[in-house]
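Shared between the two complexes below is chain A, which has chain B as its partner in the first and chain C in the second.
Let's turn to the complex of A and B:
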């Protein structure tokens, strides 16, 4: 009996084997992130639409997806941290003169563009002079108006001379926009930059087949040693949202960008997927034309603000996957509720009764499912308050045209997103703003906009920006249709992704867990 | 030679008519490419500058004339939105479209011809009724819904085919065919029904002819009667429909191209229309018009192959 029991005991060598197997399982099964970045592999990213182009003058504006490539191929002088401080990228330091009108920037040495052109002061000056030259008609030039000149001090030092002290200067050179990234002067001169961008970044442009794929390859000479981790990155435009999600589920895409609520919720439940989200500024809105009756009367605008129900839209249309917002800043600065006008039908009816005339309006909205859904919700809500709303679906270009020419009453609108919304709001809400398409003018608003533009004190600036937000709500300049929140849905073996201030897959930080996968761009 | 000359003249007339009409429609539409190109933050001054850059300030007739002169020189112009040469954009989008059309029509033929033959041979049989019901069912379901069902089962569940994307021929024959299988089947599931119904009805009429009765009286087997005697004279209508289907798919498979993220001409055309990128739209329309006329030419040649009387000058004189 005893002996029989003994014979059932595993021998010592078997115990050893089991222990080894256990160790092996533990090592293999350990969280990938704990093992650190792994070199190699290919990442396929499904994006909403094709890229516009990568030359600021040829492309004219930065397409919704363009930053993904721009920040992988090209680099800025500085990045910005969460507090708005400059973080050196192609530059080493920035210092300002006592009067705040001259910025001296020291550049990194030993860096070269992908085409072999050295990165130096000449490259930076050539880029900025091209943008500032009125003959080149760079569309963002008016935002750079305070810059008088950009000159070379020595081979690795540039000077920005300003017309006046400009608090937004740091944001301008550190934001992820066209002006801040430095292209190869050779590629610009040869007129290839728009379709085959050349920069100093972690990835080298390889191929762009419109509507199909854009391929980047690892920059073997990248100045940050050991980076990037991936060998190849393939961006694939997949305009259909369902197709994009199917590609992720089928393993044809490693990450996708989407705003479809059902897919985001489904991905949260799926253990093979992970959702990365980040809020940013520039809300979706219904813009009021305040220059024409009846919307030139604040009582009508306020009534519509109370008839509107942003919470309902966010729940019904986005399944709660975007935030309800009360200011245009995406959380930075945080201004609290800013006197937001909540859904209150009685208040809406009261204001309309005070106005005393029947109100019938037309909404020009984009001919997309989203535009249509938001329009129909507004139509139903306004009807409850006694306002008739006619819906006019239009192509996006035609919506722009109508708004820019003031040929509208209410229009669907998307405010641009900037890390610092101050300068943009100055232009779009100021009574003399360059892109003030709503015709709105208010001394109180102008006062807040001026205060935020001229103040050098962070607290005072925050107060002024929150004053802008309060005045937007007070005067019901536009209706919020939810805040901007981007979602990247990725497979769990995609590591290094993070919530950035822009809807950008920062492929320079990404690696694939579990060892390098073989090239999959032909999948 | 006269036949070819006549067709060439036909091609010129069709191209002039179609491109002029498209140009007029685009010009009549409210808005301008400049607004789509400029984005939301452009000022009125910026828009005016872009209009000038793109040559949109000229009257429509002048712009059409310039475009036509460019075409005669072999220059289709550049996209107003991307700045890419239109010919280059079309050339890069054509392979996916051509392959999709060829594969879809191949699947269509593979199903439509045998089913049409069997249905006509046994009219009102269970098989005929089943195929007719199935066909009507499939044509009444929107193509995109069928495509989504196919993706769900064959790509997501069984993982036999990729859910989206196009692998060019350079990536290998097998990946290329795999990437186009589901889109082609999605199109063929609707197309085969139309072709089958036309073939069936023509075959039913042919099978009533005296020469078929004679063949039956000789005791020839069914397959011989159908394939050797009845099929050829019954192909006229099917050939016409087939030609129209091919022409239609060259620019008209937009939904399938969107759903499967295929870089085809349909997507290029659709994007051009939304952005009012007239250079791109005109280029695509030109391609479609040429394709239509070329396919019709081939269909006419096909009539001649099917019936020698057509080659000798038509039925009236034959």
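Let's turn to the complex of A and C:
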């Protein structure tokens, strides 16, 4: 994660001005922001879409925005620092057995859920057993495949037993996903968790009015004394991107999540705003249905890959604010070029001529400006190669349903992001994968997937994962529409926005610089 | 009476002289509409890039840049070319949908107004139901169920405006059906069909056509709203509303992407309304002279 205000080098005179300003500040005394966190205040966050729900099984998948609330209301056993080390949260320590197959985790004592239920080994075990039970059909279970069982050792000790040593176990329990946050067993049992989440976190859930607001209030009994700083946090879904950005500029929102290139570029120029960004895994894609003609023929898929132009989409649609990617990993592991098929119209035409039949396809895309633009670019690019593409704009949920039922030819798709993409890709691309919605199957892919699943050597595993990336490009399993890079735009008086590998405003750490806020209130 | 006031005929004649003078604005409106119509028909013959042709280098180019007369949009497509092809959609829908509305609404209205009684009651209930239903919701449902094609768009817009046309035609028919010449026709042995076709239809047709022109403006705007919501014709066919929506994203930096189609649509609707207004003026005069 890095904050960026300006990508260009400032001129010399600007440096001089800065120096002067610095001197002036030093003479007058430090500004309020330097005096450390301030208690109180309310934060309004503008988000892209309404929340899906907070129960891992009821909600089915973690909505793009739900992490914001999940990490404010509930907590994980461990957080992860930037180097991937475990930082104790609800747990105190984790130790592994010599064979690497059993992890023993010591839990924090004296912590209670917001509803009064004590936090203990039973709560952790109940949560994990629920996710791992095949009967519950937790959609993210594919990523947890290496975990055999979770058991209680004593009141404040739990044991994770693995099927084999798993290098990414630490990342899994420390990631900001559905599996790692611990809900109140009482709320889960009473079936209220999905709409009104209960956890141990710094904020207590107050209300959620669909498509209008979700309000959190300070948890007065939070185990971390002195935290959190804010009294209330309000999340407001603002689906219209322009309206969201205007709300930020007008001060109706203190921070917003956005991916509109123009707004990000504008915010970088704006001195009252600050841009926080970071890359993560799980690219945007056009998924091919490889189980039906004509896309079951790799030549057609390869032709489309050469007709496609990811660079142009990133430039036109995102104004270059997201990366062009050639693998699904978001930078870790870094696989380099991976045999990515570049835009090459001649090659596309050649492959289609080899196929020999006219190709007409239908693309189901989300009815958002983003989905529409990507669709229109694809339509034009494919047309130049001689492929007719019909566009079908659909609500995001409808696209999801079509893909799950295999009722599509090409569909816009967002791969889930996991700290370790291995197990998830195993289920998404493997010939017997449970979430293999593209119907793609190849022995080479299966081999790489098996190798990464069974390997316990970091280097060999990286090689296998990069083999997966190479095979994706070789067989043109899907088209990349750019990598995931999130952008949080915030007013400069919003302090403490810390490192996070996801588009999450970690409100537990946030405080408002008092001076600036008072000024704003006076206005 | 004749000294201070004027006879009805004399006043009508005076008004007629004033209203019949069309004025420069009217002819400007006609000229604009004719220009748009000619350009729409001849869209494919102009030396412009295809409306979905992407200029890979010039995105949101200013008017005149790199040979793009009106610049390019977010995706580097020529705005002038898209306007011409978009005009086809707007004009097609704008004139055909009211025709459909006229056909359906006119038929229902005449039947209800002529026969009254149970038929009238039934038709009025149907009309009231349709009028009570939010129109945009109806359009959204149709677009959602049948997909966004020029045909379904035109048909649904026609259905949406039919009830109000039907009400107007019904009121006119009731008024005309009470006139003496209807009685005379009946006395001469004409049956219902003959009376409707020969006596009533010619008399309601003119006001209906004028009202249709007013509807044309409304329909072009409605098509624009649907296009703005992404529910107008399917890509790659451009529509004015869709063009305005696409430019919204870059409104602050490159206002021309949205503003040019918005201005063209504004002028077109204004022209249609001006013409409709003027023609209604003529019609009112003729009615008063009847």
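Assume the second predicted complex is superposed on the first by the 434 of 523 C-alpha atoms of A that agree within 3 Å, B and C clash if a C-alpha of one lies under 4 Å from a C-alpha of the other, contacts with A are read in each partner's own complex, and residues count from 1 in each chain.
Definition applied: a contact is a pair of C-beta atoms (placed from the backbone, for glycine too) under 8 Å apart; a residue touches a chain by one contact, two chains touch by 3 or more.
Worth saying up front: this structure is predicted, and the values here are computed from it rather than measured.
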item: Chain C versus chain B on the shared chain A, clash or fit after superposition; value: fit
item: Partner chain(s) touched by A:324 [first = chain B, second = chain C, both, neither]; value: neither
item: Chain B versus chain C as contact partner of A:369, first or second or both or neither; value: second
item: Of chain C and chain B, partner touching more chain A residues; value: B
item: Partner chain in contact with A:242 - chain B first, chain C second, else both or neither; value: both
item: Touched partner set for A:252, first chain B, second chain C, both or neither; value: first
item: Which of chain B and chain C A:315 touches, first, second, both or neither; value: second
item: First (chain B), second (chain C), both or neither touched by A:131; value: neither
item: Which of chain B and chain C A:393 touches, first, second, both or neither; value: second
item: Contacts of A:345 with chain B and chain C, given as first, second, both or neither; value: neither
item: Partner chain in contact with A:64 - chain B first, chain C second, else both or neither; value: neither
item: Closest Cα approach, chain C to chain B, once both complexes are overlaid on chain A (Å); value: 5
item: Contacts on chain A seen with chain B and repeated with chain C across the two complexes; value: 242
item: List of chain C residues in touch with chain A within their complex; value: 52-54, 56, 59, 74-76, 147-148, 230, 234-236, 245-246, 248-253
item: In the complex with chain C, residue positions of chain A that touch it; value: 241-242, 260, 262, 266, 312, 315-317, 367, 369, 372-373, 375-377, 379-380, 383, 390-393
item: Chain B residues touching chain A - in the complex, by the definition given at the top; value: 29-33, 35-44, 46-47, 49-50, 53, 81-84, 89, 92-93, 96, 148, 151-152, 155-156, 159, 162-167, 171-172, 175, 258-264, 267-268, 271, 274-276
item: In the complex with chain B, residue positions of chain A that touch it; value: 46, 50, 52-53, 58, 60-61, 137, 139-140, 142, 194-195, 209-212, 236-240, 242-244, 246-247, 249-250, 252, 394-398, 400-401, 404-405, 413-414, 416, 424, 434-435, 522-523
